[in-house]
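Across the two complexes that follow, chain A remains constant while its partner is chain B and subsequently chain C.
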Partner chain A sequence: MTVNERTRSPIPDSLVPTSGEFVFATAQYESGDWDSAPLVPANLIDSVAKYTSLPVAPTGAIVALASDDLFRFPLVFLTGHLPVRFTDAEGANVRRFADRGGMLFVDDHNHDIDGAFHKTAVEELTRAVGPLSQLPNTHPIYSTFFKFSDGPPNTSHELNGWGDNLVHSHLLAAMRGNRIAVLYSNKDYSSEWGYHPDNKRFLAIDNTKFGVNVIVYALTR
Partner chain B sequence: MAAIATLLWRAIRPPVAAGVDVVHGDLPRALVQWTVSPVAEMRVVLDATPDPATRDWLRALGRAGGSVRWSSSRPLGAAAVVAEPVPEPNGVTRVRFASVGGEAVSVADDAGAIDSLPRGGARALELGAVAGAVRASGTTFTATSEVRDSVVLRPVLVLGAAGWESKFTIAALEERGWRVASRVRVAPNVDVTQGPLGSIDTARYAAVIVLDSTAAPSSNEIARYARAGGGVILAGSTARSGAFAALAPGRVGARVAGVAGAVSSADPRTGLGGFPVSSPAANAVVLEARDGVAMIAARRLDAGRVMQLGYDETWRWRMGGGDESAAAHRAWWSRLVAAVAYAPLVPRGSGLTSVDEAPLASLVDAIGPSTPMEGRTSPPRDITRLDWMLFILIAASLLTEWTSRRLRGAR
Partner chain C sequence: MRPLERVMRTRRALAATIATRAVLGAVATVLLTAAFLTTTLRAFGVATSSVWLVADVAGAVALAILARPWARLTVPRVALWIEERVPALQYALVTAVDPVGTASAAFLEREIDQVSWDREAARAMMRGLRWPALAAVGGLGALLLSVRVRTGSAAEHDRAIPSVIATPARDVSAPFARLAATVRSPAYAGGQVVRVESPASIGALVGSTVILEAPGSGEGVTVDAEDQPIPVQRAGAAWRTAVTVGARPTVIRLRQGSVERLVALEPRPDSVPIVRLLFPTRDTVVRAARGVLRLSAEAHDDIGLATAAFEYIVSSGEGESFKFKSGTLGARRIDAGRDATIGASLGLDQLALKPGDIVHLRAVARDGNNVSGPGAGASETRVLRVARAGEYDSIAVEAAPPSEGDKSAISQRMLIMLTEALEKRRPTLARETLLSESRQIARDETRLRKRVGDIIFQRLGNNPTGEEGRNPDDAPASDSTVPASDSARAALLRAASAATGNRDEILDFEGDETPVVAINRPLLEAYNAMWEAGRELEQGETGRALPPMRRALAAIQRARQAERIYLRGKPPAVVVDLARVRLTGKDHGAANTRLPRRPMDPAAARRAERLAAAIELASRNPAAAIDSIVLLRVESLDAAPQLGAALSDALAAMRSGRDATASLARARRIADGGVRDVGGVGAWSGVW
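Here is the complex of A and B:
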């Protein structure tokens, strides 16, 4: 099945969120490799279920950016390594999604500010929703559930010097009013969180806690 | 000498009620005359509703002992206009006007025309700004109103579990200008809060929105708040929980699904699922129904108001309803809150001299209803003319006397 074919496929009713249930949705876009982090949704769903009392769907959904189904999922995760070029329909939908109050969480799977994903994704997002700017490390997203007093938690990829050999001190964001419409990360959480949830038991500190904050922020602010 | 004596007597005589006067057009002059020289019965034929000063004058003459009756040479339009603040944060003014009798009404403020009703009737408008007084004018009336009060709007408290409905309810109200305090349950004993949180009373909150059963432990406090004058909205199936059942305008029915795809239609709320209001209480008012099933109902509870809102996923309308849906969703939520909000009025205190909201009704209140005129309908006895005649008679007598003396050679 090609991406185009999948784009035209409606979301099955079984994956449409029922009343009050949170469904983790991953964005599918025509260009690039949208499905580069297939283990992230399950891992974050596991963390949300573990730490909160939120009703959460046990499986995530994949939603095409160009589809009207996008508006069924007010929080959508988008990642990839490859250049991103939104189609006209995708760009328009992302703008509408942000204007209506949705939140797009974008992570650069390359962790490389000179990389193709970063350059093209920032261009496309700027065109769709406006410029991205640094999100202050005192923003409520860092304290809405777990406390991250230094801002976004670092990833092992940053600390190991992979990618651009930088530790990024801030996330970027495009705002609508005082709410985040697009949250953009260069930190490669896609790699950091890309493991089977059962393997959390081998970690001294659960590194998906910031993912819980992103979801709780989206659901409460 | 007799004429002089008559004039003197007329000047110093005590008021004596007597006579009947009917005035067609020159009412101000007649009022002066009736004030100087009271009559027993004053009859007025109007061709338009008088202004407040004239009306008050007639009322005063009536209270001073005379009998004031009135009729009209043509049907006078019964009209009313009122401008009042809407308890919403954006300073919206609601203008309501109505007229009966089919007379055309035009409504304007100091900045220009606002609206018109070519054949009368009733209409309500909400205006972002009003310049000065609002006037509803027809051929036979001019009704005038002015916003007399400001409203005090305290924050809205939103209680619920973390979820899209909580998020978008808070967002809609904040984007509309409401100050929002919220307590959103994320995990047992873990809430995400914002804004001023404290005891739930009318000194702190204009309204409380309860989105789900997570607020059940506060249901008794919220019930006291409602009875004390607060506004409460119970959304979804909340009315099943705790003390909320005793507050709700009705019972919570079985959940109904929305019509697929209808959130982007002209009637977007048909696309929303929810819990109908079943068995509404005797004093409940159904505000919105779908296929004969009540989806929103409200009722008074002592000094407060409680609304039961069947919809529990209004966020789907905002996200999926089209480009205007976000604005429509926030306006709708703001309107719901405004309908129940505790919003005390504060008089503006400026001189509101131009207010005359229902001129015909005020005329009837002042001097009674119209009574048919019997007898003469001629202009009133012109007392000044009599005075002039006496004066001319005296002057002519003096001139005759003077001429006679000159002709007789006398000095």
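Here is the complex of A and C:
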């Protein structure tokens, strides 16, 4: 894709959410590797279908951050390893998206607090929607469907000491009123959830349950 | 030249002068009016959109007035005008041009011929043009000045310069009637000092110092801000107190006995610098990172820049393994200038970039704010990527060979149309003519067939010219013992056989044919049909040639459709089988109860109630109402800026004694606005 080119919507008509069906959307931005976690959408869709009765589309959609299609989705997932630099159009769209009730879920695929993704994404998000602050572990997002008494569930990458060798106790968030507009994770859920949903049966505990909470929270707030 | 002719010449010059003067006068009027109106309207803060309309009307009026002398340019009047400037004529000219005539005309002409008035007339005309020209120049200067005044007035509202709204002394209680404020902006912003009597509201940069002072002993005077006491000091015959403008709006309360006075402090934020990367202008992919990349950027700040530099991040790796290194280039100190341009060179060789590495470049500028900053602004990021060896991206440009002559071929569809037209004319044509035209089509058909054969040969890995090895227009090879048609067909079949490795069943493509043959099948079919059509056309049998020609066209179409090769495959998409997933689901979780939205933000509701109370109070105690609204405004500046702005208008109206009903009504509408209870929570509809 040409940088600075106005991105056309890659969303097929069948995935445009018009029938009240939840469509999991992945943000496509012009810098970095936005498509680094291609299996996360399917995995979370599988979990939403498994645990909830929400009407959900069987495949995710990819939405350009600079396009007006962004506003068709209540929740947009953004991930990557490389430095994130929003174009002016992307930054303005993220701000409008947050102001108009959307929720952007950003996950650092590097699980590295000193990494380029973290530094640049936090900087860009701060510029677009305001400063990110620690989300209390008693926030309703941790109990909106499944209960996570200790806050965000840890990932195997954290427990194995990869990345920044930290277990991040909190997620970060930018609020609009009492609603989360941007949820930011250093925990690398992109790696944790990046497997084919059929392989979920090999896990003793489904590690995507928190993803269900994020989706349910975004749809009900 | 006779006197009348000389007068007529002067009359024409005068007419031109009058016209020029009228135009210059009109231009001067337009410019002066525009300058005056622009300056005046800006001073009162009124929009200047209709300035030019008014100025044009004034100019038209001036043009009409200044052009009026044109109508009075009769010959006697012109003669008199000349006589006034040249007394030596002794009224001979007026007499000579008199239409009644005179007996001594010849004598008068001789007298007049001895006098020349051209120089005096020209001088008088230039004098007539001087003032309008000066006025036009002056108008232009005034207009330019008014534009400059606009810049000046904008500068007055510069963030670095504090602004103070004063309260009329008559509205202030006695102990604080002579209260004065001295506001000093922070040192990094130039330390401008503004002093004002009887301040009500002070807008200044964060970190500015505000000194409030009044004559008197200060006995019993207490000052606090947000319930924090501020010390009051004696200074000669006066008392003073000093506060620093913080990041949040604050109200300073001054009390003495039962008398209270409020002064609002409104912090003005210092904007971060605006940075624009001028070069490189766009993202780039390079095959090999060598040489030097020139960087250029410009930065602007509302108060003053301190530093500017380029930042780069080099990311290497792929998949889950990435490494980063970063650095700065071209760092430059800027001594409080508002605008700056920076440049640097990035040596790509020094970065030792490998295929797949990405260089992220941007310019960053920081302002000199050492109080609440520094504020940092950054440009958009440009990306320079080194292409990987195996990826499809290619920046290589291969020069195309010059086009060969006589390569044009008429399409099969066009040949069919020509043949159909010839078939229609067939009954009217002589045999020789029919044969001649039919063979021409046959030659075109052969040329096209040769092109199709070339494509097939290329596909099968043979020499493109291997079908016949000669132009169809050439004479047949005399030493050939095999007919050309047979040799070509045999070559095709041999090539197909070599490609498929199935010598015995080369013509039976229905079985396990290879992809090469499968792709070439329609072309082979077209090739055969074209061969057959060409043979019929050579004999002038246009009617019998048409069916194989149409078969050839259909086969070419099929081949074309089969040629749609997608170089980039779609990524594998996982489609969740929702029905299967839901049928096997066991853990149902525990959903929370959804709560409906609250009818209104409680803080907004409180603001609306307080505003209503203040409006209620306004009729009974205006001063108290103003204080209430000041407090409400200060608290609204952060949480509800729109309400703050509306309250500011209302306060301005109330303080100046104007009718504040409209402003208060607007403020009430804003305060009452917000999210309302819609009577329940609906399902997510997907459409906003």
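We adopt the following convention: the second predicted complex is superposed on the first by the 213 of 221 C-alpha atoms of A that agree within 3 Å, B and C clash if a C-alpha of one lies under 4 Å from a C-alpha of the other, contacts with A are read in each partner's own complex, and residues count from 1 in each chain.
Please note the rule applied: a residue touches a chain if its C-beta (ideal position, glycine included) is under 8 Å from a C-beta of that chain, and two chains touch if they have at least 3 such contacts.
Values in this document were obtained by computation on a predicted structure and should not be read as measured data.
When the two complexes are overlaid, the chain among chain B and chain C that reaches more residues of chain A is C. In the superposition on chain A, contact is made by A:145 with both chain B and chain C.
Of the two partner chains placed around the shared chain by superposition, chain B and chain C are both touched by A:220.
By the document's definition of touching, of the two partners only chain B reaches A:99; chain C does not. In the superposed pair of complexes, A:68 makes contact with chain B only, with no contact to chain C. Looking at chain A, you'll find residues 17, 19-20, 22, 51-52, 71-72, 74, 100-101, 144-145, 177, 216, 219-220 touch chain B in one structure and chain C in the other.
Contact residues of chain A toward chain C in the complex are 2-4, 17-23, 31, 35, 38-39, 41-42, 45-46, 49-52, 56, 58-59, 71-72, 74, 81-83, 85, 87-88, 100-101, 110, 115-116, 120, 123, 140, 143-147, 177, 191, 196-197, 206, 209, 212, 216, 219-220.
Note for the complex: chain A touches chain B at residues 17, 19-20, 22, 51-55, 68, 71-72, 74, 96-97, 99-102, 144-145, 177, 179, 216, 218-221.
Those residues of chain C whose C-beta lies close enough to touch chain A in the complex are 282-283, 313, 315, 320, 322, 324, 326, 358, 360, 362, 378, 380-383, 571, 573-578, 581-582, 584-585, 587-592, 594, 601, 681, 683-688. The part of chain B that touches chain A in the complex is made up of residues 161-168, 170-171, 174-175, 182, 184-188, 190, 192, 194, 212, 255, 273, 312-313, 315-316, 318-320, 323, 325-326.
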